[in-house]
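You will see two complexes here that share subunit A, one where it goes with subunit B and one where it goes with subunit C.
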Partner chain A sequence: MDAIRTKELHKHFSGVAAIDGLSVAFEQGKVTGVVGPNGSGKTTLVNVLSGMLPPTAGVMVIGGEREMKGLRASDTAYHGITRTFQEVRLFEQMTVLDNILVVLTERSVWGSLFERHNAGHMKKVETVLTRVGLWEKRSQLAHNLSYGQRKLLEIARVLAMTHSDHIGQDASIFLFDEPFAGLFPEMIKVIVSVIKELKEAGKTVILIEHNMNLIRELCDHLIVMDSGKLLAEGKPDHVLAKREVIEAYLGE
Partner chain B sequence: MPYLIHIAILFFIYAILGVGLNLIVGYAGLLSVTHAAFYGIGAYATAVALAHYGLGFFASVILGIVITAIVSLLAGMVLSKFKDDYYALASFGFNVIAFSIFLNWESVTKGPLGIPGIDRPSLFGFTFSANETFLALAVVLFGAVYALAHFIANSSFGRVLKAIREDEKALEVFGYKVAYFKLAIFVIGAAMASIAGSLFASYITYIDPSSFSLNESIFILAIVIMGGLGSLRGTLAGALFLILLPEILRFVGLPTDIAAQMRQIIYGAILVLLMLYRPKGFIGEYEVK
Partner chain C sequence: MGIIPQIIANSIIAGAIYALIALGFNLIYRTTKFFNLAHGALTVVGGYAMFFLYKELGWNVYASAVLAIVFAGFVGYILDKAIFRQLRLRKASQMVFLVASLGLLTVIQAIIAILFTSQFQTLANNSTESRVYTIAGGIITQTQAIILICGIVVLALLTLMLKKTMFGRAVNAVSDDEEVSKMVGIHTDKIIGWVFFIGSAIAGLSGILVGFDTGLEPTMGMHLLLKGVIAAIIGGVGTMHGAFAGAFLLGFAENFGVWQFSGEWKDAIAFIILIIFLLFRPQGIFKK
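Right after this comes the complex of A and B.
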């Protein structure tokens, strides 16, 4: 079954098509890689799927539900979607701890007024922060973390979305927008193992990535975009051997 | 001594104003410059209710809160269309509108003449007419407001406000309808200002529109920034400092013919220097970007 499918999706920015009639499917429980040259529309696709940008035209279908003309960002979590950002977006002047707690607590205005975080919340925070090696840093401001630690905190934040009691459902679709960019090998290892665990748990992962070795290691399926269109898709090894893909990437 | 009590009462009134505004600006990151409008609504509600309708002070406080809540809800809904500096500018516009209503709605507010002869509060036959007892009342109301602000700041709601301040777009992706949170805190902060207004009206026993101008909003914002955005204790320090500084400058022995102007200049210079060397305010954790 498809976790998310788009049909004839378009996203135009003042007349320029960033996504141009894209129809793709992301299979449930699989890791699907999205590659393509800079400006091919990968991040725009993630932004549309996570409700941060409204599509200009076309529809998306989540988990076989009815067709939708885009989603509001605040609704995506209720469809099981969560994401990281290419340019890390943390709650900078809050502690590492609060960055995680905020995705674990009450979503309603009234409920949150009368809620304080408790041992149960802390247990979950410890689990996800330990997973990425940031539990020791919990009292620091996110702002003061190193570049790599910031990327890991974003990973911990989406992991916390699998433990949220207030969303009605755990996150099941993970959009990772270049999670490995600029990281040291040890940090890459951590994120690789997180993605493998998510897959084993039956979660759907959509991974934007430039490193072809990581793509081969992690992805079950690969989508190649160029100028907002689908250029090729299929098994990673097969797709990456295609002539038009090599040309699009190397510009030959 | 009466002078010190007067200063103390002013301090608690401005501390209430500052605490409410800090929830809006320091926690939620909404750069509101219209707090004096809600302060004024509270003051006029008390003045009119006491002078014309014979309502008690405490009933007038409730009336002020209700009117302020409605007005701030509507204002907040319009302001939610804006961000950052545009938010500041639009909120500034609200203060100008409120001020001109106070000034021109003469049948209710008596316009520039103001409303004199406002009674001091009374409760079960006891009247807070002496400044000492009024101070006690101010302390109690301040304590209630501070306790509420503290409760909010330490709840999950308070954490959500900070996350809104940091990156509301990113927060939405995690399932928050941020507009409701922003409206809620705007209304709560405004209602606190209304309480301060009621206190002010019945303390001074005379109000006119000049107390609720844009300048006053900027002064309250200065208290919040000076004390430290996102720090309630900081706001107390800010209020203490900005209330005391002009008073202290009275006693520095400047030549009488230039004293008033010099005080203004020294006052302004100290504010500029403080912001240069302590951009986070006295106890702030967060710096305006």
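Right after this comes the complex of A and C.
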């Protein structure tokens, strides 16, 4: 089954097509890699899929539901979609702990004014922060973290979206936009194992990445984009051996 | 001793009023990132709601105050839902927000003038009744003591709310990055609506206090707003303790200036301080 699918998707920025009639499917429980040269529309695709940008034309289908013309950012979590950003976006003026805690927040305003977070929330925060090695940094402001730590905190925030005990928020589709870029090997290892765990748990992962070794290691399926169009797709080894892919990607 | 203690007392009272306006204004600004000029109108709404309930209907002073404050909060909430939220959905520019809120300020002040006339009104029953305290040579009325207490209590409650509650964390998250807040499932519209309610209720409270201290005029909103905004800017826009500090700095500068020069200088001094800060320390006393 497809976790998420697009049909004839277009996204234009003042007349220029960043996505140009893209029809792709992301299978549930699999890791799908998205590669392509810079400016091929990878990040735009993730922005449309996560509701940050409305598509110019075309439809998307999430989890076999009805076709819809784009998603609103406020519905992203409701549909079980969560993402990271190429340029990390954290709640800068909040502590590492609060960055995670706020994701678990009680949603009724009255309740959230007077109820304290419960032990379950704290346990969850500790689990996800420990997972990425940031528990020790929990009282620091997100703003003061190093580049790598910021990327890891975003991963932790994504993990906090799973099995949260409030309504409609068990994330099932994870969009990672270049999560490994510029990281040290030990940090890469952490994120690789996180992605593998998500896959084992039956989650759908969409991964934008330039490192072909990581793509080969992690991805079940690979999509190659060029100029907003689908250039090739299939098993990573198979796709990466194709001549047109090599040309588009490396053929400067 | 002489006149100095009284000038200090006056400065503190003025500071407390400016602080109340600045705190509400700042709460809304840091969450929505636009200069909500309509905030000034909510002081008028609160003040005149109190006037209607307390003076015209003859209700009990506490019940009137609570209802007037809630009413001001509610009007702010409605303004957000009916107008500002629609502008957010249309991704309107800062300039559009600014003009819209200026328009609302004008409209609300006009409505109040139609309903209650432009005549100066006071909420205090009989000024001779009012108790007076003498502290270190400065005279403070009971109303002014209440103003000061309200300023401190509101700052404490807001700080507590933002730092300690789950609601406060959500408000901080929306302040930091509204789009990401949405995507992680925070109901940003709900949060912003309540921020408007709380900020406007504080404005309503300030209007009531001003009504008891000096009196009400439909156009007082603009004046109070300007002082609150100046206080917020020189204190460091977006920080609660900054708004508080900025308000008292402004109160002291104005009152000592009036003493040294003359009454006409009061507003000029406020703007001179603003310009000095904008030139030499645009981030304010406390940088966010």
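Throughout what follows, the second predicted complex is superposed on the first by the 242 of 252 C-alpha atoms of A that agree within 3 Å, B and C clash if a C-alpha of one lies under 4 Å from a C-alpha of the other, contacts with A are read in each partner's own complex, and residues count from 1 in each chain.
The working rule: a residue touches a chain if its C-beta (ideal position, glycine included) is under 8 Å from a C-beta of that chain, and two chains touch if they have at least 3 such contacts.
Keep in mind that this is a model prediction, so the values were computed, not measured.
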Record, for the superposition on subunit A, whether partners subunit B and subunit C clash or fit. clash
Taking the superposition as given, does A:His221 touch the first partner, subunit B, the second, subunit C, both, or neither? neither
Just subunit B (first), just subunit C (second), both, or neither: which does A:Lys11 touch? neither
Touched partner set for A:Leu101, first subunit B, second subunit C, both or neither: both
Taking the superposition on A as described, I'd like to know which of subunit B and subunit C A:Met161 touches: first, second, both or neither. both
After superposition on the shared chain, which partner residues are touched by A:Ala77: those of subunit B (first), subunit C (second), both, or neither? both
In the superposed arrangement, which partner chain does A:Lys151 touch: subunit B (first), subunit C (second), both, or neither? neither
Show me the subunit A residues, by the header's touch rule, that subunit B contacts in one structure and subunit C contacts in the other. 50-52, 73-74, 76-78, 82-83, 89-94, 98, 101-103, 105-107, 109, 111-117, 157, 161, 166
In the complex, the residues of subunit A that touch subunit B are 50-52, 72-74, 76-78, 82-83, 85, 89-94, 98, 101-103, 105-107, 109, 111-117, 157, 161, 164, 166-167
Touching residues of subunit A toward subunit C in the complex: what are they? 50-52, 73-74, 76-78, 82-83, 89-94, 98, 101-103, 105-107, 109, 111-117, 157, 161, 166, 168-169
Inside the complex, what are the residues of subunit C that reach subunit A? 161, 165-167, 169-170, 172-173, 175-177, 179-191, 194, 288
As the complex stands, subunit B meets subunit A at residues 152, 154-157, 159-160, 162-163, 165-167, 169-178, 180-181, 184, 285-287
